[in-house]
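Just dropping this structure here.
A, B, C and D label the chains in the order they appear, each numbered from 1.
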Amino acid sequence: MTWSTLGERFALTVFGESHGHSIGCVISGCPSGIPITVKEIQKELDLRKPGISKLTTQRKEQDRVEILSGIFNDHTTGSPICMTIKNKDTRSEDYDNIMKTPRPGHADFTAWEKYGGFNDYRGGGHFSARLTACFVMGGVVAKKLLKTSFNTDIIAYVKEIGKIKSSSNFKSAKKNRYSNDVRCPDSIIAKKMSNAIIKARRSGDSLGGVIECQIINVPVGLGEPIFSALDSEISRAMFSIPAVKGVEFGKGFESTKILGSENNDQYSVTRKKITTKTNNSGGILGGISNGMPIEFRIAFKPPSSILKKQSSFNLKSKKAEDLVVKGRHDPCVLPRAVPIVESVAALVLADHGLRSGQINSVIK
Amino acid sequence: MTWSTLGERFALTVFGESHGHSIGCVISGCPSGIPITVKEIQKELDLRKPGISKLTTQRKEQDRVEILSGIFNDHTTGSPICMTIKNKDTRSEDYDNIMKTPRPGHADFTAWEKYGGFNDYRGGGHFSARLTACFVMGGVVAKKLLKTSFNTDIIAYVKEIGKIKSSSNFKSAKKNRYSNDVRCPDSIIAKKMSNAIIKARRSGDSLGGVIECQIINVPVGLGEPIFSALDSEISRAMFSIPAVKGVEFGKGFESTKILGSENNDQYSVTRKKITTKTNNSGGILGGISNGMPIEFRIAFKPPSSILKKQSSFNLKSKKAEDLVVKGRHDPCVLPRAVPIVESVAALVLADHGLRSGQINSVIK
Amino acid sequence: MTWSTLGERFALTVFGESHGHSIGCVISGCPSGIPITVKEIQKELDLRKPGISKLTTQRKEQDRVEILSGIFNDHTTGSPICMTIKNKDTRSEDYDNIMKTPRPGHADFTAWEKYGGFNDYRGGGHFSARLTACFVMGGVVAKKLLKTSFNTDIIAYVKEIGKIKSSSNFKSAKKNRYSNDVRCPDSIIAKKMSNAIIKARRSGDSLGGVIECQIINVPVGLGEPIFSALDSEISRAMFSIPAVKGVEFGKGFESTKILGSENNDQYSVTRKKITTKTNNSGGILGGISNGMPIEFRIAFKPPSSILKKQSSFNLKSKKAEDLVVKGRHDPCVLPRAVPIVESVAALVLADHGLRSGQINSVIK
Amino acid sequence: MTWSTLGERFALTVFGESHGHSIGCVISGCPSGIPITVKEIQKELDLRKPGISKLTTQRKEQDRVEILSGIFNDHTTGSPICMTIKNKDTRSEDYDNIMKTPRPGHADFTAWEKYGGFNDYRGGGHFSARLTACFVMGGVVAKKLLKTSFNTDIIAYVKEIGKIKSSSNFKSAKKNRYSNDVRCPDSIIAKKMSNAIIKARRSGDSLGGVIECQIINVPVGLGEPIFSALDSEISRAMFSIPAVKGVEFGKGFESTKILGSENNDQYSVTRKKITTKTNNSGGILGGISNGMPIEFRIAFKPPSSILKKQSSFNLKSKKAEDLVVKGRHDPCVLPRAVPIVESVAALVLADHGLRSGQINSVIK
């Protein structure tokens, strides 16, 4: 598996740079016969599109998907699916100084060192969060595959922004998570979060937060221990989303503070159907799904591209230099990250549906 | 890459069951010329050996490593290295009831369903934490490779047990982490932790906690974005350790509560050497090591094998049944997990040293 | 590694269908800093372009390459390189009957069965030899990488067409292989071959043949036994070229008829430089390059798309049916296959240069 | 996938050296529930065991298989299966001169260069044909899986030794291939072959030949184009067998000499069952099995370890030196290679049965 590819059986390869010709993806191993239209893909892309609210970057991109291969008569063919998005609203001149002065907290420095200065630095190049649009394109196909196969639903929502915490649950999230710009189902809290984000932007600063995700209707048996355990693969994929700094399943870090007898999920049987009375495990036991909802939380740091003056250095001369970032940036990535987290989760589950043999290679 | 293999260029494949003939591993892709002796491997294995203190399971296993291939004249040959450990002190009869009544919180149920009841259920079979001895065997070789190549040191220690938190730092950890049974460098806190674990055991219960890990002397440029980002790969590997429920890097979940201007690590230059004034990123930017220490924290849930009566069911009849677990189990896995976390980190870094081309395929 | 990807470190993923929107490829893992221009890529593509002589299909395609990512300021960036070609001169109506009546010797039947009838059948869809243009696009980058790293040259030429055999050697091939439409350096034999191909076309038939390939300036040590042996990987890749039915290295099938003492290549030393007096091994010992030229021969069957009436059946009704193929097809693939074989060889060697650690991840 | 592993879903990892502690393999991804006994594995191993006739090396090895994991109550568990064989009759002193003077035609030189002289040179170490015992161990499980799933049979036999050619067919081969030491079903020809081999041995020389293999009862749809085409994967695996120099499918190199109209396999329909009137394709179209028998031929060079004096050099001083090989070697590998070719074919097909989704992950 190459480092630009996520998954083995349902494999997403991504390419592109923020200010280059296009960004895009190739899905290999997708079963044939999944009904899918450009419209469905575009609809999901629009959920993470920039410039749609005052909470996001003002860069204007229509993010129009173009299907180059793998879909014929509105069905997947079984051959690789390539989808691309052309970059339109690029203002590369904003990045002329970043070329020589790396942004603290960003990949500018490490990318320069790793690629010997040959990397496309404009807008972070291949390291731009813009690449996550490719996760979403792939995610639409993965979600459709999971829906068709298991009636699976994936619901993510903004749980926390900075120190503001919502007490929403997944039930309301499923219904209302896209009902406001913050993507927090609780409209009162959402308003507070929105204000906090705008305040951070005004002061040239940024905010992070936590996204919570639940996946329902997952069959028992997904995940391939030891090293392709389902939690292993989900966390691995989540850390490929820029700004992610932590992942926890079920009770996560909280479970370290209670006793085994409190943390173990007791079994319960109703008409030969096995469930657990609690779901502290987050639906995964021994790296394998147990049929309960899969639940996890993702920590996003505040975006590193802030307008305040910061201490940096000149990449070539290796001399200290102050930096004032230009460009249009998200003061908070979480609202746009909601569809991204859902898509990445879908990609991992679709892959494991196929790896476990529970999804067939032809959908009829 | 198969699901029993961790890594691509330095690839560890593990096999075995807790109460079967043997457990073991095969390392493929290990460079030739690394000096390594049976004694070095055994020394590290002894750190996670069961039955060495009253804080661990009383199962007595000498865990004697046997090298079957890949090491010749005390050097790696470049061919696959197979190492095995024979299982000795097995009391399978303890598991006769588990065969039909799965332990809450354990893989008994998911493994049974996934493998159609053909899995070796004795002692959790392939899902037993006993398999982590294979991580340690591979980890010794990986550590030696990293030490030879970069002078890298990996230091893990017990930071929290239940609600007891240590304020130790890595400096003391490097010196004292193995100076007591708990593997917490702070001896006063260690004593408290030890008492808490013994108390939990006495009441037939168990405790979890947090292990903190720091890796120093890591070159800039390890990690292969997007999907083999260094944090992606480390977290993926950590979730393959039984009982792990959360992973965070640098400031992790804490970073979601502060501003970008507070979280960004400002650069500092001393004689053309680039460092950062803080290390909130945990040494990774854009999925690539930045030369600062790599720091992360791992959440371990309390072990699921507790002696208290629990609600379960009969796997065959699918009827509710209570369960009282027999067998000898760890009331807390963290003390033995310290060398495991270090080994797993070493395996991932060795792999990335080779993938990035910074480690050569022959060590001279 | 997904099934649409060739290679692990220098990994080519291909996509597209013969009559779809576009065909293309993504190269992952390519080192940064390789100088490369659109012009260089186009020049090589023009060598396999259809419609350039009366020996090939009359389908007119300009095969204009478009670079979507991974190349910046005429150098590779280290990020995935995506290149595409739009399909222009499509006459899908020619394939309406093939949809229901599979061509003997072609993938029409197996693709239909494997993908449940959802495959894009037009022009063979993803199974069209047109996809080999993607091998060539990737091959240009691979050749440049090998040239820069080892000064490697790859020379393929048409050795046999049907029963007509050329006695050309690699020396003349290097100079003259592209001096005529057949791509056989011996102009007299080339004329005979040309006539045979035209005769076959006129009679609605087709011809096969043998391409011989030599790779010079290959360092000792490429190839990763046991299962990524250099001959294993080259043959695997060659069989991915449509119409290939056999691969042999060095003396190949001939070596089965002589004694070990005749076949063994005796060593010879000149100024500490090791060579062998003969090269019956084809430059590979134990799956590893030995520094001698790598030599192999590829058998191409006659193309299966012929105009003569053939016995087939209806895919849906499963009733016998005769078939008369329409469309524009190559009466012989070998002339256009010469740059393809060279490209595929380059892709495998570039991958192994990186896997062995002999090529660095940054070219300066 | 690491270079010591064959296959992705049914993945065989091999390890060991000819004169080391043990040789062995790990199968990952094998479905659970396959009935398998030590006796079945041993029976197949005995077919390739050395020292069983005057046509093979006189090295005496009982090749006793030991199962370390993955088989429980005589069924596969779904967890990795490790099997080992201890080396017994080692005479390493025979190799003291090979350490410094590489055998022409053998891997001694390339292995030394690649691994910087750290390789275990004794008996060719990891490059010894002895490692093929691991292919056979894995092959037994793969054959059982294929038999259970598709009733597949794999029949290989010795077709040619040097210039002696048998006209046997697969029908007789299935019945009689193991009825004599040569493993050629035609007893008269077998006698001639046997004499030729003995003659070669007496003169301190060696002989090569061709093995033909047929696989019947293969479902339509195995093989994952483009780069995991079934012929690609089979040839790749075959070239991992020492001494293999050529692979051809169906009519192979012969097909290059006839017209498309002669080579195309015309379809024929009987009661909705699709077959072809000829099988020039060898049962593979577009890299996918078409339901006809898979047929291929493998060219084995004469073994390079001959007793005649040869020109070599000193690995350290790089000075020319003559070599007289000691040790016990096969004058011809083909008789012992028959079960090896069958096993390797089984491994590839089992992998593709799983990859295509036609084999389930649990066998009931």
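Quick notes on this one:
We take it that a residue touches a chain if its C-beta (ideal position, glycine included) is under 8 Å from a C-beta of that chain, and two chains touch if they have at least 3 such contacts.
Since we're looking at a predicted model, the values are computed, not measured.
The set of chains touching chain B and also touching chain C is given as A, D. Note that among the pairs A-C, A-D or C-D, A-D reproduces the B-C interface, with over half of its contact pairs the same by residue number. Look at where the CA atoms of chain A average out and do the same for chain D: the two points lie 45 Å apart. One simple way to say how far apart two chains are is to compare their mean CA positions; for chain A and chain B this gives 27 Å.
Our note on geometry: chain B versus chain D, Cα centroid distance of 38 Å, whole angstroms. The set of chain B residues touching two or more other chains comprises 1, 3-5, 8-9, 14, 114, 126, 355-356, 361. Those residues of chain D that touch chain B in the complex are listed here as 1-5, 8-9, 11, 13-17, 20-24, 26, 28-29, 32-33, 66-70, 72, 75-82, 84, 114-116, 118-120, 125-126, 361-362, 364.
Listed in rising order, the residues of chain A touching chain D in the complex are 8-9, 354-357, 360-361.
Contact residues of chain D toward chain C in the complex are 1, 3-6, 8, 14, 102-107, 109-111, 113-114, 126-127, 131, 160, 162-163, 200, 205-210, 220-221, 223-229, 231-233, 235-237, 239-240, 242, 244-253, 255-261, 263-269, 272, 274, 276-277, 280-282, 285-290, 299-304, 306, 308, 310-313, 318-320, 355-356.
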